[in-house]
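Across the two complexes that follow, subunit A remains constant while its partner is subunit B and subsequently subunit C.
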Partner chain A sequence: MRLLKSLGRVGLSFFLTLAGAVLFVQLLLWAAPGDPIDLVPNGVEFRAELEAEWDLDRPLPARFAAYLGRAFQGDLGTSLTYRPGSSVSELAWPAALRSARILVPALVLTLSVALIMAWFSGRRGGPAVRLTQAVSIAPVFLLAFLSVTFLNESTFSLIESGAIERPFWFALPDTDSWVRSLLAILVLAVGSGALSEVTAACTDELNHLRNAPFIEAAVARGARVGPHLVWNLIPAVASVFSNRAAFFVGGLVIIEKVLQLNGAGAMLWQACLMRDYPLAMGLTVMAAGAVCLARLISDVVRVAVDPRLREAA
Partner chain B sequence: MQTRRISILLLALFFSAPAWGQALRYAEDKAPGIVNPVYTTSMSEARLNELLFEGLYIDNTELMSVPALAETAQLSDDKTEMTIRLRYDARWHDGVPFTSADVAFTIEAMKNKKSLSTERGRVAWIKKVEVLDDTAIKLYFENPEARPQDKLMFKILPKHRFTGVDMKRTDAFRTEPIGTGPYKLVRYNDDNSIALEANPDYRETVKLSEMVMREVSDKNYQAKLLHYESLEALVRVLPRDLASLQNNRKVELYPYQTNSWWYLGFNLGKKPFDDPRFRQAIGLLIDQEALMAPIGTGDLLSGPYVKSSPYYNHDVPAWRPDEFAASGKLEELGYERQGELWTKGGIPLELTITAHQSLESSQEVVINLQSQLQAAGIKVNVEFLDEASWKARVWRERNFDIILSQWTFDRNEDIRDQFHGKGSRNFTGYSSSRVDALLDRARESTDPHVKKAALREVHAAIHEDAPMIFLWTLDSYAALSTRVRNVVVHPFYFFTYVLDWRMD
Partner chain C sequence: MSWSGRIGLLLLALVAVVWICAGVSGYDVIADVNPALGGTAASGAHWLGTDHLGRDVFNRLMLGSHAFVGPGLLACITAFVIGVPAGGLAGYYGGPLASSIRYVSTVVASLPRFVLVLLCMAVYGNDVWLLSIVAGVSYVPTLAGAVYARVQSLSNAEFVVAARAHGISESRILLYHLIWVNCRRLVGRYALQLFGYFLLLETTLSYIGGFGVMEPQPSWGNMLAFDFGYQTGNVWGVVAPAVAIWLTIMGCSLLEEELVEERRA
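Up next is the complex of A and B:
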């Protein structure tokens, strides 16, 4: 019974988060000047017909409720202007998977590097940590632009001088390139303070644990403290993971535009510019879902590891 | 030793080099949203349609109409009917023969209100189409037409791929387009690129076997990609990239003249812009040459045509800066100079210039224009709008003071929609019975000399009334890799002469 209640609370939180995110985006798009009919060259002539066809003749609350109802049945609607007539699911899911291939490795990379640096630097202000802060402070868009420019220009110089042949990944290759994806992962993992903040959080938590009475007792008994530190760090890392997920989702939009990756972020940008309401909201549902999923994973891990939280739950 | 081997292997993997194929890759700011000529909304779609589809007529390199899907045509003596015999050897990409039913279907679908076609205006002049047999049709016109073939370049669609003339944007055709053109659509890729291959059944030899359209939203990056040889063609080069591309021995620049001109448009529904003296005063306060210089080269204009147009009135000079004359006009309107600012009733003269975000170089022009007008004593605010905001504010709501924008026309240069009192694109709200009568005369006349005379008068009248201050037409350049030979570009559709292109 208690489990059911917990599941119910989780489900309600999930639903409310998605509904809130969709409402937020719908309000923003509604408030923005212009609508998809304005983008049709002779839209003025056909406004009434297009409003009826695209369901824009109903009041906003009615449209919102209808959208949520369809979304929970798996129908995210049809694109209006980005790819007229294409199902939002058909467009958005492949894009979301492409973005996930950047997002998840970036999160894992940030956490891994941050933990390693926190473990071995021991205290704030070690040289590795300071270097990390210096690089990580750069905004994601700047880091992406500089890195791709440097890579392209230096490679092109080498090609022109005959030192190397043209690499397969060079400058907008004809097929997907792991190098471009790797660059995106690195920039997302490091930029806009991601790596430095996570490193600082991990360092703080590690220092706190190292000074905890149970660790001191273990040291006094001559026991190995490593496993205890690692196990007790997991809940904190899980919290950091779920907190950063939302920031990383936002950073993806910038990186995908700069690096010409056609992921969910770039598609969302385009959908908003083109006032493609169903596509923008569909992508928002997916982004909100990803953040909720990260939070859920974090909560499950924390509850699984920490017996105190299990009892409270 | 082991580490060294692994490092070398990784470096080799990193720098390993497959050669690029023989595809001609060109860039567009935005991938086409829909591949159906009846619903064209952007130039990227129009250029793609040029590769996949054909019209009854096409421009030759002298920009004269020549038959494409048409073979021969006979115009009636009163110029209200035209009998067209069609090619018998044209086939759709799926092998089905092209027939007159396809032409009739296309015209009816475009005219059909339920289709909500963006190209409806292209067939508004056709009253009726009659199928005579499989390879002959007869067109009936609303009014006599001197050269109807000039207007028969819209693309023909296959009747057998649609259920009826009630076409919809969402029809499956949009993702599986079938044309009679020299190229077939092979696939859409995940990165929004579109791969095309030569139509093996095309009646002429297609020398370029493959083409790829790449979506590159950053125009600066497009020029870089041409330098890097990741692209073979740029449709239009930004003025700031011209110098670097000129110095690149692997790139050739191709100048072409578009029927495209920049202008300042006034909102005639708002004071003080409703008074022609105020609009003329603005024209006299602007140094057009100084505005144009930072963004490129071209011709200053005095009317709604480019200088090479037969309708351009060379007797009408462009506005030249004359602060004394401008001051006189402002004083007539009750403005007075108080300190550095023009005022009326103690309120400083203030206006807002609105520009489209994606109009290349608009920021530089607007900022310089702001400086010029502020130096002349007018407070100027500026704003830049995205596409949807622009259409809503300017076209739908008419909520603006002055806009900076650009019009581009095909070879017909039909400015009626922009300046006729009933024009669908007359967002300035301009209305002149004299200009309306001249535009009507030009449309109805079958004598090219009468049409030319009428439109030159329109030019003079519009210049004087100044609903717009016509600024300039810029020289346009395409840039292609030197590997691409025999290049001639069409000023509007770009790929019209692609059959002659070949790649080394």
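Up next is the complex of A and C:
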């Protein structure tokens, strides 16, 4: 019963946060200078129709409620300038699925490598951790730029010297191949402090657990400590996962743009450049939805594992 | 202070010196264009050589610091002005005020920072000062959350109860005893984090293009993109901004680590 109550709270929090994010984005656009109808060719001629379609003739709360209702039914509006007249949902969903193929493996890779390093480094400041920190603090775009330059230049030298044939992925990032996707996953998993910060968080949590009284008691009894550590580490790892999700979604925009990947991040950048507000807003709401979903998964895991959270509910 | 902390401090001091020197050097980004000198290697006249338009890479690197130092400080001020009072009030008084502030923080934090910045730049226009304010606002949930957690954990501590018993006002307890005495290292850490994040944000936007600092104004991000695009043969045009970005973020990271407090068991 307590578990169900806790899960109910978590679910309610998910919907309230998502609704709040939609309202926040609506407020941003509402406060924007200028008239959105000016963005549409011959928009002035169709002002009445466009105002009715975009709810511009209604007050903000009504507009927000209408958008929220439509958004929960999967209707995020119509693209203005990116693909004029196309449904935002039809444009954004396939792109979001392509992005998920980069985002999810990168997140899993970061967590896995961070946990392994935290487990074996033992304390903060070991050489492996220091090296990871030095590489990881480089921004995503810089790491991508350096990786692409290094791969292209070294491969070109080998091709010129006749040592190898031209590989199928050459030259990055123009050629579409799995190597480019793999590079995107690696750079996203490591760059902009992702790996170093997650490793630091996991190391901190692991050290805290290793010094906890119940672990000392287990050691004194001669019991195996590993399973206790792993079980009690799950809520902390879930928290790190949800905290980093937003960061990864932001990094995805950068990596897709730098490596010319055709995902939701690159689409968002293009929509912002072309001032396609409905598409940009739809993609932002989807990004917020992805972050809220990560938080929901994390909260469910924490509630399921940690009885203290159920007690608190 | 540890050696890593000293190195961090030195790197950031170097950035500050570069920023000040660039301000007084009077370098003119337009007058410096001289295509006849395009792609010149490093020499006594041009310490880091020139780019394909013959512009001095060293001078542009120095002036590039103006794209992020001032705006980065404004981002920190914005985050503090909103985040510290919000987190402190929520942590000290609790109740509906805390719930409201936490809800707003959660909502803002659910929007990825980079996405929020991009949307604001598209809607309100491309300006580096606007970028700094948006970056600061997007950092408020993180800062407010940290201050909230610290103040809440100390709001009923013995020294706070004793201060109340001595008749010290609630505002003084909150502002001095809780925030100034107990949160300043924490706030310093987040300031360094935000400053490093702002550099990352500004250089990323300027590198990709379309937003951020535009040519002919230099930014370490657009220098990297511009010089690589033309590949003049002067490698410093690419190496110098890349190393500068890396060292500055490294400086923030090392100094921030110095301010990490030991976690209480």
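Here is the rule we use: the second predicted complex is superposed on the first by the 241 of 313 C-alpha atoms of A that agree within 3 Å, B and C clash if a C-alpha of one lies under 4 Å from a C-alpha of the other, contacts with A are read in each partner's own complex, and residues count from 1 in each chain.
Here is the rule we go by: a residue touches a chain if its C-beta (ideal position, glycine included) is under 8 Å from a C-beta of that chain, and two chains touch if they have at least 3 such contacts.
Owing to the predicted nature of the structure, the values given are computational and were not obtained by experimental measurement.
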Considering only touches as defined above, state whether A:Ala32 meets subunit B (first), subunit C (second), both or neither. both
Quick one: is A:Arg275 in contact with subunit B, with subunit C, with both, or with neither? Answer first, second, both or neither. both
### Message
Looking at A:Gln133 after the superposition, I want to know if it touches subunit B, subunit C, both of them or none. Which is it: first, second, both, neither?
### Response
second
Key: First (subunit B), second (subunit C), both or neither touched by A:Thr284   = second
First, second, both or neither for A:Ala212, with subunit B first and subunit C second:
second
Is A:Val240 touching anything from subunit B or subunit C once the two structures are fitted on A? First, second, both or neither.
neither
Touching partner for A:Phe156 - first (subunit B), second (subunit C), both, neither: first
Pick one for A:Lys257: touches subunit B only (first), subunit C only (second), both, or neither.
both
The intersection of the subunit A residues contacting subunit B with those contacting subunit C is 32-33, 257, 273, 275
Within the complex, subunit A is touched by subunit B residues 14-21, 23, 25, 30, 33-34, 39-41, 116, 118, 120-121, 168-171, 174-175, 190-192, 212, 214-218, 221, 224-225, 227-231, 385-393, 395-396, 424
The residues of subunit A that touch subunit C in their complex are 13, 16-18, 20-21, 23-25, 28-29, 32-33, 133-134, 137-142, 145-146, 149, 192-193, 196, 204, 207-208, 211-212, 246-247, 249-251, 253-254, 257-258, 268-269, 271-273, 275, 277, 280-281, 283-284, 287-288, 291-292, 295
Given the complex, residues on subunit C that touch subunit A span 103-104, 106-116, 118-124, 196, 200, 203-204, 207-208, 210-211, 221, 224, 228, 242, 245-246, 249-250, 253, 263, 265
Subunit B partner, complex, touching residues on subunit A are 32-36, 38-46, 49-50, 53, 78, 81-86, 94, 98, 152, 156, 164-174, 176, 179, 257, 260-262, 270, 273-275
